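Both of the next two complexes hold chain A, though its partner changes from chain B to chain C.
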Partner chain A sequence: MPAPENSVRAVSHIALNVYRESVRDRVPYNLVLFAVLLIGSSYLLAQLTAGQDVKIIKDLGLAATSLFGLFIAVFIGIGLVSKEVERRSIYTILSKPISRPQFIMGKYAGLVLTLAVNVAVMAAALYAVLAYMTWMESADFKAAWDTPGVDPALLKALFLIFIELMLVTAIAVFFSTFSTPILSAALTFGFYIAGNFNADLRNFEQVVRSPAAAWLARALYHVLPDLSAFDVKTQVVHGLPVSAGYIWSTAAYGAAYIAALLLAATVVFSRRDFK
Partner chain B sequence: MPAAILIEELTKDYAVGFWRRRPYRALDRLSLAIEPGEIFGFLGPNGAGKTTTLKLLMQLIFPTSGHAQILGRPIGDVAVRHRIGYLPENPYFYDYLTAEELLTYFAQLLDVPAADRRRRVSDLLDRAGIGRERRFQMRKFSKGMIQRVGIAQALLNEPDVIFLDEPMSGLDPLGRKDVRSLILELREQGRTVFFSSHILADAEALCSRVAIVAGGRLAATGRLGELAEFEIRGWELVVSNLSPAAIERIRPATTRITEIGPGRYTLELPLAQAPERLIPEIAVAGASVVSLNPVRDTLEDFFMQRVAEAGRGARAGTGEQRARG
Partner chain C sequence: MIRMAAALACLVVAIALQVGRDRVYPRHDHETQQLLYVRSPQALGRIVLGFDALAADVYWIRAIQHYGGDRLEGNGRRRYELLYPLLDLTTSLDPYFNIAYRFGAIFLSEASPGGPGRPDQAVTLLRKGLAVQPNKWQYYYDIAFVHYWALRDPVAAATWFRRAAEQPGAPNWLMPVAAAMLTQGSDRASARFLWQQMRGADQEWLRRRAQHALQQIDALDQIDRLNAIVAETPKLPREPYTWAWLARARGFNGVPVDPSGTPYELDPVTGLVTAAESSILFPLPKPVEPHR
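Entry: the complex of A and B
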């Protein structure tokens, strides 16, 4: 067994390499640019609806961060492992003194780093637009706002969006350890959509008669992540309270799910033959 | 001192077929021992099991049965990879990294001390013949350049044992010469080199010993010149200024005479015909000897024979077709 500090070092080298590659691949740039434009244009849109302006900007900004983060998580996440296998670059990397679990952890950490930077850029763009608005608007106009323009509470929503993206990345990495990029993308999006409607599955047995369908819904409810828990956008935008307890327990739920997915990914990956 | 590489009864089965999965044996009970400091040629036609063996040793695939050791440690021991280098067949790296960055990244994974890293990466790229291009992203590299980077990365940790899978593949004649001299240099440094090839000339120029695999089985092992399969089966004599009368005189002693230019001929002699006896006759006729070479079975002949045998064996045996890939 390698010493723990060597282990961490190997994982961080792999992670930094993933970050460098994805930055040069320019895909995240395009997405971030697009998201920043969207956040900016929401300012123009807000001009059309008096009184609702700041809410629209916050709504659109958070939704854009979540959506474009999702694209980055899925499109880079599915390629992280499967591209290495397909192009056979995995042969040289695995002949170096790193274990397969270290490889998976490094890849995952690298994409989380990429996501963190992207989410930070999008959040900064959103705050810049809000700050500009706060500075421009007159005092009586601002008096009609439920929440301050540059509202620190937005960070709560952004934090949970980031945890959700980490979870989606773990799903993408898990699928990409054993299936093709296209199938992984389809499965990850499927998981994402089903995960957002997870709460409905719990109540499914009250609306269906077939016991088999009810059982299946119940099983899916337990297996799929409940992604709607990470969505506090509406509360934050309307100035409703989101307790610290809720945020931390949801983050812990995400962390547990991520750990289980990464464990499954390393188990699958460690047994795999690279023909 | 333990063997540098010890392979015992290594076997790999793959499941093939979509509906009816059936096993296909890619490697069948391979056993080999390679001593430290040897340049060992692992020869065989395409699909013989060479790459499968190397992938098993690198733990890219796992054996169905049997085991192997490198430098006295089981192949599953990740730590032993600090002391080995590996060039896969047709390597591929990352599109968006430069050759320099790739080697630095691998050097980090190999725990090459930071103080040495820069110099070692730069020296190896020089040695591999990558000049200014080392600062270009590798998606712009030709196949030959990628191969050279692949060879450089296999030597980053100054390994004791180096595995090269078809190291000459994709290289031009100059590149092949470079790789040959590099392998000889590694031998002088006392390192063990295990390389696979389907080209006999590579092995003849470099190897202290070879193993020949065909159809997933070990067909022969030993020094190339000593292998019974490659015994001399005749002579080839090239002469010039040979008159038609002289040709007729020596024709009974030859198996075939081919004209290769004006007055220039290739004479094929059976093994029983000593060339020493024929040469004076040629000299008397006023002709001169250009070259004399023994004719051996080539590795290609040997492959063809073994592959044909394997095919016959399969038909006579279970009737199961051996897929090759």
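Entry: the complex of A and C
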């Protein structure tokens, strides 16, 4: 049984390597694209939206943060384990005093670190553009906004987007422990789509007569990740209340689901035979 | 370096070919813009996954482009066919998109050729907004306004003004407006008062719209005065009504112009003064029938 501090050290070493590798793979380039998208949009939207440019920049910034993060989570997440297996570097890594669960946890933590840096930089870029737009507008114009331009409440949406991305990353890592990258990507996107429709499954019993079908839908509602719960973008942009209780209970749900996926991933990965 | 230059050269050639093709074979993009591939808000909500608000923004921009494009269309194709479906999609995807309800209602109730002249759809859109935010006094006010200005129904307008006044946070001038609507109903003074309230709106577009309406009301007053002057001015039989004749008889200095600076027109046969079709104020609103 390795000492806890050794475990933490092993996980953090792997995590830092994953982060460095993502930087080498030019993942931060997406941040430049994000900044250009926001700045370019802020100029164009002012001409097109009848005074709704700040609302639309908020929508665009939050949607882009979510979408860019989703692509990073899926396309890097699916290769985290399988790439090591394909390159046969897994033999070198596992011959060191690193357990398979530590390897999975390290890989996951590294990608989460990459996502955290991405989300933080995108949030900073979004706030910078909003601050500039707020500074440029007259007081009359600003009076028409539902919420202030630089609104701290946006952090609530960004926080839940980050938890959602952590969950998607855990799904990608789970599939990458036993499947090919292409199949993992397909399955992760499938889960992402199903997770967004999850709320419909809850109400399925109102549209079907069969109790078995209703029970199956209800079971799927609980088993599949409830990703639509992490979406509070509309509420935040319109200044509608999102309670701290809702945010923390959703975050706790995300943490529990992530734990389940990572534990399952470590079980699957521990049983894999690399000979 | 040479490869980079070659790549740039190829791009320039591609752009030149595109420009040439567009000149020789002009495309009818207007027909394409008149298509709306997905009309069901429910289906669209599914397609866009969790990005409903962003999709709503796209449809809002499209609604503005559609309205503006058809409004500027000079060849009689001002149909605004997609305006309501686009606004319906926008507000279904983002049910709290206040401006889409409020501007949308103004766009929809605007009489032809400035709009589709569909106050019924404007009211439907605002009622949809009320289903989501039942205490939003602005939506009640807008419905009242549509009833008063577009449907010419001061009684219904008064009811909606009263309901607006009953909502939390409503301004205290709404109840007197409702009362005025019921007593004197239709006079221009009421209309002027309502538009003056709108001129203080926090939206620049609404303020401009209010300014435009106030100029139209001023023009109506001026036309009434001019018609009275024409009627009172002696004229030789068979002499046509002209501004030169009126200037001679009444000492006018030049042709009278409307508040936008466009000269009024004088019918040489009937002597009726009207706003010119070339004026930005044309067409002027029809008078509201007095409530009895």
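Just so it is clear, the second predicted complex is superposed on the first by the 253 of 275 C-alpha atoms of A that agree within 3 Å, B and C clash if a C-alpha of one lies under 4 Å from a C-alpha of the other, contacts with A are read in each partner's own complex, and residues count from 1 in each chain.
Operating definition for what follows: a residue touches a chain if its C-beta (ideal position, glycine included) is under 8 Å from a C-beta of that chain, and two chains touch if they have at least 3 such contacts.
In this text the structure is predicted, and so the values were computed from the model without any measurement.
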| item | value |
| --- | --- |
| Fit or clash - chain C, chain B, common chain A | fit |
| Superposition-derived angle with apex at the Cα centre of chain A and sides reaching chain B and chain C, degrees in steps of 10 | 150 |
| Partner chain(s) touched by A:Asp140 [first = chain B, second = chain C, both, neither] | second |
| Touched partner set for A:Leu60, first chain B, second chain C, both or neither | second |
| A:Asn17 touches, of chain B and chain C: first, second, both or neither? | first |
| Touching partner for A:Asn6 - first (chain B), second (chain C), both, neither | first |
| Superposed arrangement (fit on chain A Cα atoms) - minimum chain B/chain C Cα distance in Å | 23 |
| Chain B/chain C common contact set on chain A | none |
| Chain A residues touching chain C - in the complex, by the definition given at the top | 45, 48-52, 55-56, 59-60, 62-63, 66-67, 140-141, 143-144, 146, 192-193, 196-197, 227-228, 231, 233-234, 237-238, 240 |
| Complex interface listing, chain A residues touching chain B | 2, 6, 9-10, 13-14, 17, 20-21, 24-25, 87-99, 271, 273-275 |
| Interface residues, chain B side, partner chain A - complex | 14, 55, 58-62, 78-79, 81-82, 84-88, 90-94, 96-97, 101, 105-106, 108-111, 137, 150, 153 |
| Interface residues, chain C side, partner chain A - complex | 46, 49-54, 56-57, 60-61, 64-65, 94, 96, 98-99, 103, 202-205 |
